[in-house]
Amino acid sequence: MSNLSLPQTAAGNDGFEPRIVAFFCNWCTYTASDLAGISRMTYAPNTRVIRVMCSGRIEPQLILAALRKGADGVLIGGCHPGDCHYQVGNYKCLRRFKLLKRYFEQMGIEPERVRLEWIAASEGDKVQKVTNEMVEQVRKLGPLNLAEPPKPHHQAAVCAVAAEGAVS
Amino acid sequence: MSKPKAGFYWCASCGGCEESVVDLAEDLIAVVAAIDFAFFPCAMDFKREDVEAMKDGEMAVCFINGAVRSSEQFEMVELLRKKSQLIIAYGSCAHMGGIPGLANLYDLESLLKRVYSETESTDNPSGTRPLPQTTVPGGKLTLPTLDESVKSLDQVIPVDYYIPGCPPPTPLLKAAVEAVLSGKLPPKGSVLAPDHALCKECPRIDSKPEDLLIKEFKRPHEIQIDTEKCLLAQGLMCLGSGTRAGCAAVCIKGNMPCTGCMGPVSRVRDHGGAMMGAISSLLEYTEEDQIVAALDSVVDPVGTFYRYGVPASMMFRKHKAPAIGGH
Amino acid sequence: MRYLYYPGCSLKGTGKAYDESLVAVFDKLGMDVKELPGWNCCGATAYMSVDETKAFALAARNLALAEQENGSDPIHLIAPCAACYLVLNKVQKYMGEYGHLREVIANSLKAVGLNYHGTVKVRHPLDVFVNDIGLDKIKAAVSHPLKGLKVASYYGCQVVRPYADFDNQYNPQTMDQLMKALGAEAVDWPLKTRCCGGTLTGTVEEAGLRMSYILLKEASKRGANIMATACPLCQFNLECYQGKMRGTFGDSIDLPVAFFTQIMGRAFGLEAKRIGLQRLFVPVKAAPAMA
Amino acid sequence: MFMENKASDGEQPRVGVYVCYCGMNIASKVDVEAVRQFAEKLPNVVVSRTYKFMCSDPGQELIAHDIKEQNLNRIVVASCSPLLHDATFRKACAKAGLNPFYFTMANIREQVSWVTANSAAATKKAEALVAAAVARVAMHEALEKKRVPVHADVMVVGAGISGIHAALLLANAGKKVYLVEREPSIGGHMGQLDKTFPTLDCSACILTPKMSEVKNHPNITLWTLSEVQEVSGFSGNFKVKVKRNPRFVKLELCVACGQCVEACVFKEGRVPDEYNIGLSKHKPIYMPFPQATPASVLIDPNACLKLSRGKCASKCVEACDRAAIDFEQKVEYSEVDVGAIILATGYQLFDAKKMPEYGYGKYPNVYTMIELERLVNAAGPTQGEIVMRDGRKPKRVGIIHCVGSRDKRHHPYCSSVCCMVSLKMAHLIRERIDAEVFNFYIDMRTTLKGYEEFYDRVLHDGVNFVRGRVAEVTDWAMTPGEEGKLVIRVEDTLIGVVRRIPVDMVVLATAMEAHDNADDVRRKFNISCSKEGWFLERHPKLAPVSTFSDGIFLAGVCQGPKDIPESVAQAGAAAAEALALVDKGFVEIEPNSACIDADTCSGCKTCVPLCPYHAITFDAEKKISAVNEALCKGCGTCVGSCPSGAAQQKLFTDEQLHQEIEGVLNYV
């Protein structure tokens, strides 16, 4: 059935290697990604995993910062509903994520760039699958290239003058 | 000894900031006695040449309000930066981009199209648009050009201090003026307002339940608002929990929820982001579809959480902004 | 539930009786099932072995046509012929699994101005009768309970394998339940899904014959006085060569082999012609309650 | 416990970076030297080194040395997962006088070298992670681990051979043990077996002494017919609520004389006997099995007329001269405090009906292995006679291996004991009735001590072995010779033909599988399950009996298929781990709790309802919220939802995480 096998590499955006920041919870998804390692499951090298104790710690500001600072996508991994090591942290994460998605819709950020997945400690293969999918999705979208705001300055250049001037 | 010179300039603003100066009322006399307004287009007849004539740093302080978008505003704020020892971004627009900053949800072209062709009240069959230059009998007329995005003041020139608010509460202005005169100023870059959130000063905080969970959000016109009870607890989207205090909770006292004009506290990197995180966490539901349904009652996330701060937010402006009327 | 009927070529040829009886039964059960307009070959047999991809494209065309009839809810496409049922399900599954194949097929469909989103459900009449209509409704429709009829339900190799999920592939039950509902007795026998010899009979005849013989022999040994099938090829094989078998194995095999829909029709009291009984080579008259 | 903090916060960070080869584990994919050079140029980095094995003593020495010599105040080790070696390197820092929390790890093995195909990409990724660690560690602060005293008592859940062994070890070590068993008697599956391989010693003979030792041990509180209802607390301080179902017989009075059973109004057994896998029936009042422990009868409330319908002559009551029968007994709940918990909940057997092609439940002479165990057992329903359901003695028996195991449709894993069980059974059958025996196997797995020798022995017993997965068991006779037999159709892959082998009796070696309720159980104990439903160990090699919940350990098959020797060994390991925990007297809490800055908290109360542990209280006086560190477990949910940045989580502060984000993005 060789003529039916999937093409190995996805086309488009030649040379573009997506940069994806991943936030994984310590007990399920981070453990699963360790398991993927122990099981030598190779997957796309584009993710940079940041470990938090619980997906309940992950807040919009972290995701926004990642995109602002150059990530083309953000992947969030937490325990399956009902499995949270801290009982319900993953629900908080889900609620924030859903609202953030609404915001992104309005801000023109493609939904595929931000993904939330429940990955249990035993699901090393899911880390592999999800990472690969995510990388290909984002590769298809191309670089994010957010419009850069002019850097805010509180420049000290005029401070000296000001200090004296103020009291004069 | 001559009185220190001060300036008060407006960029893209509504005039509310100037009103807040007038709101100083009798204190205004003391201010005028202490400082000498060298430039105040709204109130007195100075011209740009007068500013250009000044020595660099001649003004002790210049308060600039309004967001920055037009070429004229760019030139003026750069000029004023040169002539003033201190620049104070005055009001939400100069501070974070303000209401005009919501224009960053659209690209310039679609905005012009909307304004000069599409609005119900527009009658412009020839599709006339303002031009940077027009030659008329007797010479050239020029108009300022518009930048692609709206910017907060500190995205254009170095800013020394910020006075937040839409408009800024007069006590903050008064305190700032005193600080400038006495030279007792905090570190550069400070926002001249308390560094905690509004709940701390809210008269209704005691009525906020400790086990608050939210089922759906209401808009002020949709309910009979209890005048005593915490507004968030009534389902109103009140941003007081994550918005800088210093306004004496005037909106709450007027039975209206906080809309965030004072911006975030210093520890927060993205005002709307922090608010979204906090408010959504309080939803009662765990089922995905229930959560989504409940969030549908947040009609306009950007307008709700970034009403005064799109330019100063991490996103700065809409990504690949489509034609106006996008949402 | 909205149904369309995909007869496939056999039911318009050798399996005419299957076609007639099925339509008659639909009618009797008050099911409004119209034939899929513009259908073509399902792509089974020869095609599949010569050029798989083309075969898939053929099958997909039928699905695409069916999808055009989609209303608020998806179309259920009834494919009575085992081979059609298999191939239509196969392409359905493969298109879901192999993006590459999906593209190939999408392109060939585009060439004829069609496209397919995979929403159609391919169903076998056994599945529909037992799980949608329900045995109670079937029982209610029975006017001539098939007293004394001992049916060996023969599912064949394709109906319950490998894609079907409506019955157990090792010990299928739906047809047996159906027969019981008609007042007949379901003979429990172990060869319900063993190959009938299929196309072998046309190529390596004695091998094919032997396989068919084994089925008929075992069925009669277990006391069956009729065999019910759900596949035109099986029916043809098992019935038409009984004479030859006598010759080859010196053992008289004389077991009527009918489409399960004909037996249903009988129990529903439909007249013989309408359900194509006259088309059977081994007359069913012998079998109780079938006359 | 820590030395004085070399780096007081605020002092300019001096970072040392140590990149590990991990032999070739990392170096084979990641250009370790390149990473070292890269790190050298990062802000605040003073030293950047590589080493073959950072976790080795010399590796740790290297760090200690630099801390002293180079006056480092921040350490980054780029090696394996922090889940594996965080503690190792923290200790190393502490030994060198640096507060251990000035340390962080970059995981360039599990997250990089082991999962990346392309070397260049792997090196880049490693660099990004190192940059992040360097950026983050600059924001670290000195922290202290909190110590909390622990309860010395231990709970063991499940009283099969694993639970029994663990409980006895702990009890003998002087610990008070609560042993909780769902069934009316302890003993588990081992109690049902006849002989045990490869030594063929009688299962009961080696098990029952341990069972009575449990019963009589002063340190063991045995609760049968009981299930854990609820677990709260944390390592060293668990609170466990146990539901104890009534036996309707006073344990302390009953001597299992059996007169009540005799007297029961039912003359015949009417309830399928679980112990005999339904091959026999027992009365509503019954003794689970002769050696049952506790040695007491019990009443099945559903079958007993008195209990189900409320009226019965209650002959049993008359018959019991010790007045032990008590229809009034109700469900009881006991709540106990324990320091550690050992899960030994065992397994269930695969339901052979799920493979209809083997005809179990359809053909009466198809048996499961455990049924046969009971048949050959002298105390079994046939007093050890191997007679089939139709009363005949089999002349030919076919044993099918891997029923439900090594089968993608059911369980992909190997149940690991079936080969040996089948060999044992083949031997017993030859021995007892001299029947011809066929073993149908995929591979023979006789790996442990004395197993291969046993296989050899059975081969010499004249047992037939056919390599091939059986296609079906049918009663269809193709030849007169097959009439009245069960025919096993199989491809004999050694001679390359499909065979039909007629036999009288078929025995299915069904797979071991996780209990249906494994998922509820693991949730109760807040641990994870593997895909197959086995409880997940913390690390397959280095923490094989620990779980992701500190203080909860695993023993026996609940962690994965294993035979008796392995289960007992693992039970020993679990007992030792538990002992090490409770004997230490205290647990140290990872200092990653949340704290709310009193000066900046606005008292908005957002965090209060979000804390799953009610660790946050609102101080109505000061009008601010505060975290009770003793209750906080460090999830950081409150931090993620504090709208004014007043709540922070130690080791995961906003600063640290944002630095990490910048780190992974800015430099590579």
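For clarity, chains are labelled A, B, C and D in written order, and residue numbers in each chain start from 1.
Following the convention adopted for this analysis, a residue touches a chain if its C-beta (ideal position, glycine included) is under 8 Å from a C-beta of that chain, and two chains touch if they have at least 3 such contacts.
None of these values were measured; they are calculated from a predicted model.
Asks: Between A-D and B-D, name the chain pair that shares the greater number of C-beta pairs in contact.
Replies: Between the chain pairs A-D and B-D, A-D carries more contacts.
Asks: Would you identify the chain whose C-alpha centroid lies closest to the centroid of all protein C-alpha atoms displayed?
Replies: Ranked by how close its C-alpha centre lies to the overall one, first comes A.
Asks: Quick check: how many Å separate the C-alpha centres of chain A and chain C?
Replies: Going by mean C-alpha positions, chain A sits 52 Å from chain C.
Asks: As a quick test, compute the distance in whole Å between the mean CA positions of chain A and chain D.
Replies: 33
Asks: Where the CA atoms of chain B average out and where those of chain D average out, how many Å apart are those spots?
Replies: From the centre of chain B to the centre of chain D is 58 Å.
Asks: How big is the gap, in whole Å, between where the Cα atoms of chain B centre and where those of chain C centre?
Replies: Distance between chain centres: 73 Å.
Asks: Got the chain B residues that touch at least 2 other chains?
Replies: 268-269, 274, 277, 279, 281
Asks: Check each residue of chain D and list the ones that touch at least two other chains.
Replies: 610, 637, 640-641, 654, 658, in rising order.
Asks: So which stretches of chain C touch two or more other chains?
Replies: Expected reply: no residues.
Asks: In their shared complex, at which residues does chain D touch chain C?
Replies: 355-357, 362, 472, 474-476, 478
Asks: Help me check something: in the complex, which residues belonging to chain C touch chain D?
Replies: Contacts found on chain C: 168, 170-171, 189-191, 214, 218.
Asks: Spell out the part of chain D that touches chain A in their complex, as residue ranges.
Replies: 81-84, 107, 109-112, 114-118, 121-122, 124-125, 128-129, 132, 523, 526, 528-531, 536, 540, 548-549, 592, 610, 612, 633-637, 639-641, 649, 652, 654, 657-658, 660-662, 664-666
Asks: With touch defined as at the start, can you tell me which chain B residues reach chain A in the complex?
Replies: Touching chain A: residues 1, 4, 57, 60-61, 81, 85-86, 105, 149, 151-152, 154-160, 180-183, 185, 188-189, 268-270, 272-274, 276-277, 279-281, 283, 285-286, 288, 291-292, 295, 298, 300-302, 305, 311-322, 326-327 of chain B.
Asks: Going by the contact rule set out above, which residues of chain B touch chain D in the complex?
Replies: It is residues 195-200, 205-206, 208-213, 240-242, 245, 264-265, 267-269, 274-275, 277-279, 281-282 of chain B that touch chain D.
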